[in-house]
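Each chain gets a letter, A, B, C and D, in the order it is written, and its residues are counted from 1.
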């Protein structure tokens, strides 16, 4: 197992945002966590990447405990988080955004090579490398957020709602790229999505989170047919 | 008669069109749901109606009068009151003080500011009596002296509705009142909302979560990408293909 | 033509003082009120070194030594302020602000007691004049201008073309985004305070060679700098540069036409007008 | 609707304050007779500063710390100084109110731009506006006398047989103003309006949504506080007999801010405790005047770094502890656990 959480509990003030969440994610696969708004998906990712301290429970990455590590150390170990809302640097160039992603790396040559690879995956970023990030369209910004995360040469990518606010055609393309990435770049992906059908169609394993607790898990192609999943969303 | 008429309202932020010409009407005494996935523009819509944002074009009429460009407190004084998505309370005040503060527009005058609409909330001569009634009605009496920030999230949500109620609205707009509550809390808040309607208050409820609005709302308006994509009863909306796609999404194509 | 020269001298002074303040503000999200005193320390560094090295080093060399020593010493002072005040009070920007306000008086009085309240001036390290196209250009002013350009160029290179500088810019724009790239906030804070304070000292050494050095010079420069960064757009370096030139032009023209004494009022009125109609300044980012 | 319970509560607290004042008043009236001339003038200046500071605290209740307060007070001072030294001098009593009015008008004019800003932006913009106003005192030397200022400002003419020519008489005038302003502002602080202003400071968005005109309720305390500053400025000018722009410099503004920080602004009394501390400090180190701003700065740093909330919080905590100690030793939590803040 690449990433494992066990009995992870997170509290804001006195209220539990996550209670005893135990899940795992494997290398070279997409694991998805679906659930409605406020279910605790974003909190889960922020806890893994060290932005939030858990109240109890463990997080292990490649066998090492990371639940007390700083965000810097977690990035250094190989986890890269593409946050909700993307959190780009709006008034610096696309190129600079990408290079900030490689902040902790010192191997200039390898950085150069990764930059070229990202430009291959997303040619539009190469065309616009001198433009400011805020001048990109929503889809392009999402690609930039991806690219920036890949620049740290991660082993595990955490993605928070990459499809948000994007037109369906772009959503499809993003998911397509994601699938290619896991195979080509050898990274594991944890994908958090409100768009369950989309997420489950690209993932191999899925978890359903509700009110901070896991309520369902299984292979994605089974979950997608599960009436409980549909009910969880639409109340059908 | 429609208490609220939203007439082709649009809002642009620079290049981004957040709301692209939405129209709908809410008849008096209805509980209306406004739903849509994240980023669909529903919160923007909410700000546009309550005066926290000014529409780029279109008009908003409340009880027949345009309220476009009016400041939020002026709109609130007319009886259109809103809550916030993130629980908004006076954190350092007690529950009672929060609700009493909600009486601001009525305090210091004889009786409540009269509303040109049906007013079935009981009438009170003093803020204290009214506060007492609201605390009781919203089941907050036991915590009346608690500092608001110490309440659990669900109770804080109830408190923010209670404070809005103190303004004695004719139209109450609730922004995700059920999000983040546990099932028991959800049921009790939903019941409160229904009984508010029975007191003559029209309600517009914005929710991300479809399930929670279905049981409460009489009519539901669905928006996505800043446009209205459906309107109808719970059954009509949930069987509408456009709505299903907006919420569940389309699976990724495996060809590509 | 003399007017143009004066505008450029004045504007570069405003730039050199305001830019460090704007940098610290942009990254730390709070004002370092002691920035004015750091600038004053730069002035006194020059004064002390010139006094100490008279006859030992040529004044021009002492000037350059003062630039380096002043920047280093005050930069370290900036780091101490970061560790003792900014870090301790992080998440409370207003308390930091008030604490540095207190600190600025402590430093000011310390200098008054150590050196005396009277203004001092140093003989120009690079004396003489150049007559050019009917303009009288004191060489020292040209040197100051030259070094300001070098300082701004250095800052530009640091911010635009080094990894650390890029990280500083990124942090100023989006803290969460920066943390997620593995950028350590402590590290960036120390860097910013060092660079910002060193810039204040450099500005002080430069201006100390043409203006009077006094314990109160920082306070006088500071409020002009506030106007500049508010008009330029809070946290925006390019905005600060634009506004510095704007006020350089206005103040020079007013002085030239005999209304110089009203310049402070006019500047403040411009600031109030900008706040009324463009609350985020000329080039400020809308939050 | 009438807010009866809150009113009753406020009246009760206010009544207690009135009784306290009534008891203290004879003492305060007798005080100057026990003091030397020097200490009488310290007392007068303390009283004038206290008035100014009560106005300042009112401004902070809307959530903003102004740095223009002392320059605004200067408007009152210059109004009286200019008008009472004309060839046909105005009566002090006319300038007394006119000065305060002008200070209020200035606040009203700058309110529109500066109240668009919050926190330290507000501080910076008021700093710049106040400094510009002070520059006016320097530059419009035809009216203000420039850096030399205005001298031979007469003391107020006697009224009802009261002579304000000596320190004691002037002290009674300052005391009367302090008591009137203090009681009025204290009642205002307890009133519904006062509470609403604090509610706006605590959560502006929510306040606007329940029908509170937040813009008006941020402007009101700013203007009212400035009017009070104007009154204090008028008295200062007449007491001192001469004024110049240095009397309204940022160092003295810092003293007011320091008093507010050191004392705290959560209670009405906090800033006054702070002022008492600063005045005591000043008198103890009377022979080292140059050091005094440093001592203020150190006090501010110490309070911010070590005693959050200022002396008022220290006092409140001590009183609570003392009460617990005296009241019921048995109830104390084991190990003296700290009370929730």
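We adopt the following convention: a contact is a pair of C-beta atoms (placed from the backbone, for glycine too) under 8 Å apart; a residue touches a chain by one contact, two chains touch by 3 or more.
Keep in mind that what you see is a predicted model, and the values were worked out from it rather than measured.
Chemist: If we look at chain A and chain B, which chains touch each of them?
Modeler: none
Chemist: Contact counts by the stated rule: is the higher one at B-D or A-C?
Modeler: Most contacts of the two pairs: B-D.
Chemist: From the mean C-alpha coordinate of chain A to that of chain D, what's the distance rounded to whole Å?
Modeler: It comes to 54 Å between the two C-alpha centres.
Chemist: When the centre of a chain is set as the mean of its C-alpha atoms, what distance in Å lies between chain B and chain D?
Modeler: 43
Chemist: From the mean C-alpha coordinate of chain A to that of chain C, what's the distance rounded to whole Å?
Modeler: Roughly 42 Å, centre to centre.
Chemist: Go ahead and note the Å separation of the Cα centroids belonging to chain B and chain C.
Modeler: Computed from C-alpha means, the inter-chain centre distance equals 50 Å.
Chemist: Which of line, ring, star, complete and other names the graph you get from chains that touch?
Modeler: Contact pattern: a closed ring, each chain touching exactly two others.
Chemist: Pull out all the chain pairs that touch, please.
Modeler: The set of touching chain pairs is A-B, A-C, B-D, C-D.
Chemist: Given the complex with chain C, which residues does chain D contribute to the contact?
Modeler: 65, 110, 112-114, 116-117, 119-121, 123-125, 127-129, 131-132, 135-136, 138-139, 250-251, 254, 257-258, 261, 290-291, 293-294, 296-301, 304-305
Chemist: Which residues, counting only chain A, touch chain C once they are in their complex?
Modeler: Of all residues in chain A, those touching chain C are 49, 51, 70-72, 74-76, 80-81, 83, 86-92, 96-97, 99-101, 103-104, 148, 152.
Chemist: Would you mind writing out the residues of chain B in touch with chain D in their complex?
Modeler: 50, 52, 71-73, 76-77, 81-84, 88-93, 100-109, 111-112, 124-128, 130, 160, 163-164, 166-167
Chemist: Considering the complex alone, what residue numbers of chain C touch chain A?
Modeler: Per the stated touch rule, the residues are 163, 166-167, 169-170, 173-174, 176-184, 285.
Chemist: Sort out for me which residues of chain A touch chain B in the complex.
Modeler: Residue list for chain A touching chain B: 13-15, 36-38, 161, 163-165, 167-168, 171-172, 175-176, 179, 194-202, 211, 224, 230, 232-236.
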